[in-house]
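Next up, some structures in C-alpha cells.
Here chain A shows up in two complexes: once beside chain B, once beside chain C.
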Partner chain A sequence: MIYKVISKTEFRKFIDAIVKHNNAYGPQQVDTGSGGKPIYQFMPVKSSDEIDFDYSVTHSSAKHFFLPFRDELSRFNFEDGNWEQEVRYEAPPRILIGLRPCDISAINMLDEVMLNGPYPSPYYLARRKNTFIIGMDHLPLPDCFCKSMNRHTVNHGFNLFCSDIGDKYYLSINSSKAYSFLKEFIIEEPSYEDNCLLIERRKTIKQSFETNIEVTGLPVFLDIEFDSPIWQKWGDKCLSCGSCAMVCPTCYCYSVEERFDVDLKGSSRQNHLYSCNLVDFAQVAGGHNFRPRKGDRLKYRYYHHYRGFAANDNQQICVGCNRCGRACLADINPKDVINDLRLERESCMICVLPSPDKT
Partner chain B sequence: MHDMRFTLPGQDLNREPFALKSPDFKKKCEVMITDRGYKCRITNTVPISSQEKLFLLRIVDPVERQLFNFRPGQFLMLEVPGYGEIPLSISSDNSNHEFVEICIRKAGHVTSAMFEARQGAIVSIRGPFGTSFPMEAMEGCNVLLVAGGLGIAPVRAPLFWISNHRDKFKNVYLLYGAKEPSHLLFSYQFEEWQKVSDIRLMTIVEKPDESWKGRTGLITALFNEFSFDSKKTFAIVCGPPVMFKFVCNYLDGKGIPMNRMFVSLERRMHCGMGKCCRCMVGSTFTCLDGPVFDYWSVMNLKEAI
Partner chain C sequence: MNHLGFKISKMKIGSFDFTCCEGCQLQLANKESTLPDFLGLLDIRNFREISSERHDDYDVALVEGSITRSDEIERLKAIRAQASVLVAFGSCACFGGVNSLKNKIPAEEAVKGVYGDKKIDTMPSTKISDIVTVDFMIPGCPVSKDEVERVVIGIVTRSLDTLPKYPVCVDCKQRLNTCLFDLGEVCLGPVTKAGCDAVCPSGKTPCLGCRGPADDINFPSFLQLVKDKGLSQDDMREKLTFYNGFADYLDHES
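On to the complex of A and B.
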C-alpha cells in the first residue's frame, strides 16, 4: 500500500477524469425520507458534481453491483428437440465511488464466501475483477454499530481509500491501476502533520459511535440459546417481508428459477436474491416446510450473521451497518434482539445462582 | 477525444480456459464453469409405481461421461431446460459408467415435466455433489440398510456396491418399509437381491390390502426378527425425517456406535454448491457436508431431524 495526500480540488479533477471514460457509480441524493432525512443511493454518475461526497449512508448496499437482484446464469436455445446451453459472464469494467469501510468489509466477506468455497463462483469473480473501488471514511450515524463488529476500518479489498483530513484527502493506494491513474495528478507525500491529522480523524471516528453491541462469545451464546422463547417473541413481530435481506450488504442467499422465453425458442436460468425470512425458503417439493414458523426463520438470519456457517469459516458476517434495522417495517433491529437475548441469558444465570436466605 | 489513459482495463472471463471446457465437479476449489451441465438423453423410463418412475440417463458426450463418476450416497442436480433444476439422489450402480439411474416421484414442477418427457428427450445434469457412504470402512462388517418409502432410491446405490463386492461384507440386511404394498418400489429386484447377492430382505407395510401376506406395522418392528453383533455393524438409514429418529434411537439402544450409523438428509437446494444457503441445516450445508451425515453429527446439528 502506498500513502499519498491530495487536495480536495485536485481530487475532484481526478474523479472527473476517471468518471468521464468509464461506467461510474457514486452516491446521490434521490429523495427525502420521513423526518426530512435525505435518501442516498449509488447511481450512475458522469461528473464529480453529481456525487455527494459527504453523504451519510446509502439506503441499499453496494452488494447489488456484485450480486444483482436478478442475474442470468445460463441460456438454453432450443432447436428440433435438442438444445444448446450458453453461459456468459457479463461484467463490464466499472468504478464505484464513495464506499464506506463497512461496505468494503462486506464485499471482502462476500469474496470469502463466493471465491474461497469449494466451488468459486465465476459470475462473482468476473464482476469483482472488473470493479474499481474507491472507498471513503465517514463519521458514523447514531445507529451504526460497525465498531462492535470491528468493521469500522478496512485495510484491503479496495483500490483506493480516501480519509478526509480537512482540506485534503489522505489516500491509501492499494492497486497499480489506481496509482497509474493518480500519478497524472498532483499528489504529495504525506507530511508529519498529515499523519497526525489522519490519526486524529481515525480517533474521532472511533469515538463517535453511539451504539455498541456486546458480541464477545456470541457464537457460543447463540448455540446455547437455540430454543430460547426470545426468537418466538421477535418472530411474532416479523412480517416475513425480506426487506432486511434486500438491503443487507452481506446477505447472499439466492434462489434459482427458470423461465421460457415468450417465443418458446429459448429459456433462461436466473438466480435472484432471496431472504431466509420468506415463508417458502426451506420448503421442499411435496409441501413440507422445514422452517414453517416466523421465529425459526428470523433465528436463522441471526445465526447466519452472528454465528456464521461452515462456508465462511464460522465467521460473523454482519458488518454492523444497521441497514436492516432502518429498513425493517416491524422495527426489529439487531441491537435490540441481541441485547434481549443477552438479558434473557443473564436472568437465567441469576436463577441458577443460589438465592439468598429470606429474612 | 477519447482519453485512453483513464480507461479502466477489463478482464473477459469468457475467454479464460476454464470457460471453454466441461466442468469436473469432483475437483473442488477450482474456478470452473459451474452452471454448465452434462447433456444427457433419457434412454428409458420404467414406471415402478403409480407415483414413481425410474429414469435411465445416458450422457451424450463421451468425455463428459468419463468425468461423471460418483460414489454411493452422492446426489446430482437434474435440469429440465425451461422448467427448473432439482437435486436427486443417484440410485444406480457406480461401476456402470454408461447409464445413470434416478428414481423420481412426481411431486413438483420439474418432476412433472420429467414425467411428461418422451424417450430420447435431452435433459442436463450437474454433479456429482455431496458426501458419500464410507463403503470401504464397512468392509468386514455387517451392514444394515434401512429404507422407508422413497428412501430405497438412495439405498440402492450402496446396495449395488455391496452386490459387486459381496465377499468383503459379512451379513447384509435390507429392511424396507412402506405405507401400502403398492408403494414398495423395485419389487422386481427383490428376488435378485435375495438370491444372487445374498442379502436378507425384510419388508413391512403400514396399511395392508387384501392380497398382502407379509408383515404389517412400523419399520422398527422388523428389528425384533433377527439379531446382529452390534459392535461389528454399520447402518445406513434413508427415509422420511420422522423415521430417522425412531430407527436411530432404536439402533443406538441396540449398541451400534453413533458414528457407524449414516443417514441421508433432504433439504431444498438451489445450487448444490454451498452458495445459495437454501439447504442449511444447523450450521452446515446439506449439499457440501451432506447429504450423508453420521448420526453423531446429525444429533449435534440443530433442527436436523
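On to the complex of A and C.
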C-alpha cells in the first residue's frame, strides 16, 4: 500500500479523467424520500459533477455489478437434431466510485464464496478482475452497525481508498494501475498533520456508531434457538418479498432458468438472483416445499448470514450495512431480531440454578 | 416440426373476447421483432383480430374478458367444451378486472350512466373461473407479451413454464427503483404477483395489482404496513379493489 494525499479539487480532475472514457458508476441522488431524506444509488456517471461524493449510503448495494440480478450463463444453438453450447465470460472494464468500507468488505466475502471454493465462478472472476474500485470512508448513519461486524474499515479488495480529511483526501493506493493513473496528477506525501488528521478521522468514525449488536457467540445462540418462537413472531411480520436479499451486498442465492428463443432454434440459460424468503425458494420438483412457513424461511436467512459462515469459514457474512433493515417494509432488521433472540435466552438464564459457591 | 429430436406440432389456437377492451389479444400481435417466429408456433383457427377465417377445431382457447351478460355464459361453456386447454387471458378473465368496478354500484345506475335510457342486459362482472374450469392463467392489464411467449413455447415444447410466485418487489428492487412507500404512496407491489418487470413502479406509478395476488401473501402484514406508515386506507382499498384480484382477501377480512 502506498499513502498519498490529494486536494479535493485535484481529486475531481482525476475522477473526470478516468470516468470520461470508461464505464463508470458512482453514487447519485435519485430521489428525495417523503421525510426529506435524499435517496442514493450507484448510477452511470460521465463526469465528477454527476457524483455525490458526500452521499450517505446507497439504497441498493454494489453487488449487482458482480452478480447481476439476471445473467446469461450460456446460450445453446440447436441445429440438425444436435446442439452446441456457447459460453462467454467477457466483462468490459468498469470503474466503481465511492464504495464504503462495508461495501468493499462485502465484495471480499463474495470473493471467498465465488472464487476460493472448489468451483470458482469464471463469470464473477471476469467482472471482479475488470472492475476498478475507488472506496471512500463516511460517518455512519444512526442505524449502521458495521463496527459490530468489524467491517467499518477495510484494508484490501480495492484499487484506491479515500479518507476525507477536510480539504484533502488521504489516499490508500492498493494497485499499480491506480498509482500510474494518479502519477499524472498532483499528489503529495502525507505530512505529519495529514497523518494526524487521518487518525482523528478514523477515531471520529469509530466513535460515531449509535447501533451496536452483540455478535460474539451468536452462532451458538442460533444453534440453541433453532426452535425458538421468535422465528414465527418475525415470520408473521415478513412479507416474503425478497427486498432484503436484493439490496443486501452479500446475499448471492440464485435460481437457474432455461428460456427458449421464440424460433426454437436456440435457448438461453440464465442465472436469476433469488431470496431464501421467497415462497418457492425450497420447493422442489414434484411440488414439495421444504420451507412453506415464512418464519422458517426468515430463520434460514439469519442462519446463512450469522451462523453457517461463521461455523464453516470463521466469518459472518453480514457486513452490518443495514440495507435490509432500511428496505424492509415490515420493519424487520438484524438489530431487533438478534436482540430479541438474545433477550429471550438471557431472560431464560434467570431461572437456571445459581452456580455453587466457591468453598 | 422437429425440436431436439422430438416431434412437436403447432398449437391449434382460438382466441376469444368477452367483456373487455381486447387490449390483451392485441398484445399477441405486438412485439414485432419476434412476431413472425411467434406466429410460426401457432395454427390460428379462430382469432378475429388476426384472421377472418373461423374454424372450431382449436385445442387451446385463450379467453379474454370478464362475464357480464347471460349470453356470454353459454358462449364460454361452448368454448370450454371444445378446448382441451383453456387459458384465462388478462386481468378481466382472471379476476373480473376493471369491469368489476361497476359491481360496487347498483346495476341500473351503471347502465343509466353509460347508456342513458337504452335497455341493456347486464349482470355483475365475474371472472371466468366462476363459470368454467380454467387450466392456466396469464394475468396482467394488459398481459406481458414476453410471458405469453414463454407460456406458448412451454405448451408447444411440452415444458410448461410457471409464472413467478413471488411479489413485484423482487422485480422492482432489481430495477433499483425507489420504493414508492418511501415516497409516501400506497403500492400493491408487496402483495402482487411478479413477472411484469415492475413496469408501473419503474415509472413512479404505484402497482394496482393487475396480476393478482402472489402466492401465500402476508395480507395482514400488508394492511399493518399501510397503517403504520399513516397512509390513506381509502387509497389502499381503492387500489385493492381496482382489478378485483384481491376479492378473496378483502371478503375474508370483512
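Methods note: the second predicted complex is superposed on the first by the 347 of 359 C-alpha atoms of A that agree within 3 Å, B and C clash if a C-alpha of one lies under 4 Å from a C-alpha of the other, contacts with A are read in each partner's own complex, and residues count from 1 in each chain.
Methods note: a contact is a pair of C-beta atoms (placed from the backbone, for glycine too) under 8 Å apart; a residue touches a chain by one contact, two chains touch by 3 or more.
Owing to the predicted nature of the structure, the values given are computational and were not obtained by experimental measurement.
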First, second, both or neither for A:78, with chain B first and chain C second: both
Touched partner set for A:102, first chain B, second chain C, both or neither: neither
Contacts of A:59 with chain B and chain C, given as first, second, both or neither: second
First, second, both or neither for A:215, with chain B first and chain C second: neither
Which of chain B and chain C A:87 touches, first, second, both or neither: first
Partner chain in contact with A:205 - chain B first, chain C second, else both or neither: neither
Between chain B and chain C, more extensive residue contact with chain A: B
First, second, both or neither for A:260, with chain B first and chain C second: both
Partner chain(s) touched by A:31 [first = chain B, second = chain C, both, neither]: second
Partner chain in contact with A:41 - chain B first, chain C second, else both or neither: second
Shared contact residues on chain A - chain B and chain C: 78, 81, 83, 259-260
Complex interface listing, chain C residues touching chain A: 1-5, 34, 37-38, 40-41, 149-150, 153, 156-157, 165-167, 169-170, 173-174, 176, 178-179, 181-184, 189-191, 214-218, 220-222, 224-225, 228
Residues of chain B defined as touching chain A within the complex: 2-3, 5-14, 18-19, 25, 28-37, 39, 79, 81-86, 105, 107-109, 111, 120-122, 124, 266-268, 270-271, 273-278, 280-281, 283-285, 288-289, 302-303
Residues on chain A engaged by chain B in the complex (per definition of touch): 17-18, 20-22, 73-74, 76, 78, 81-83, 85, 87-89, 91-95, 113-114, 117-122, 125-126, 129-130, 132, 177, 181, 184, 223, 226, 252-260, 267, 269, 271, 274, 276, 281-286, 290-291, 296, 300, 303-304, 307-311, 314
For the chain A and chain C complex, residues of the former touching the latter: 30-31, 33-34, 39, 41, 59-60, 64, 69-70, 78, 81, 83, 236-243, 246-247, 259-264, 273, 275, 278-280, 292, 294, 327, 329-331
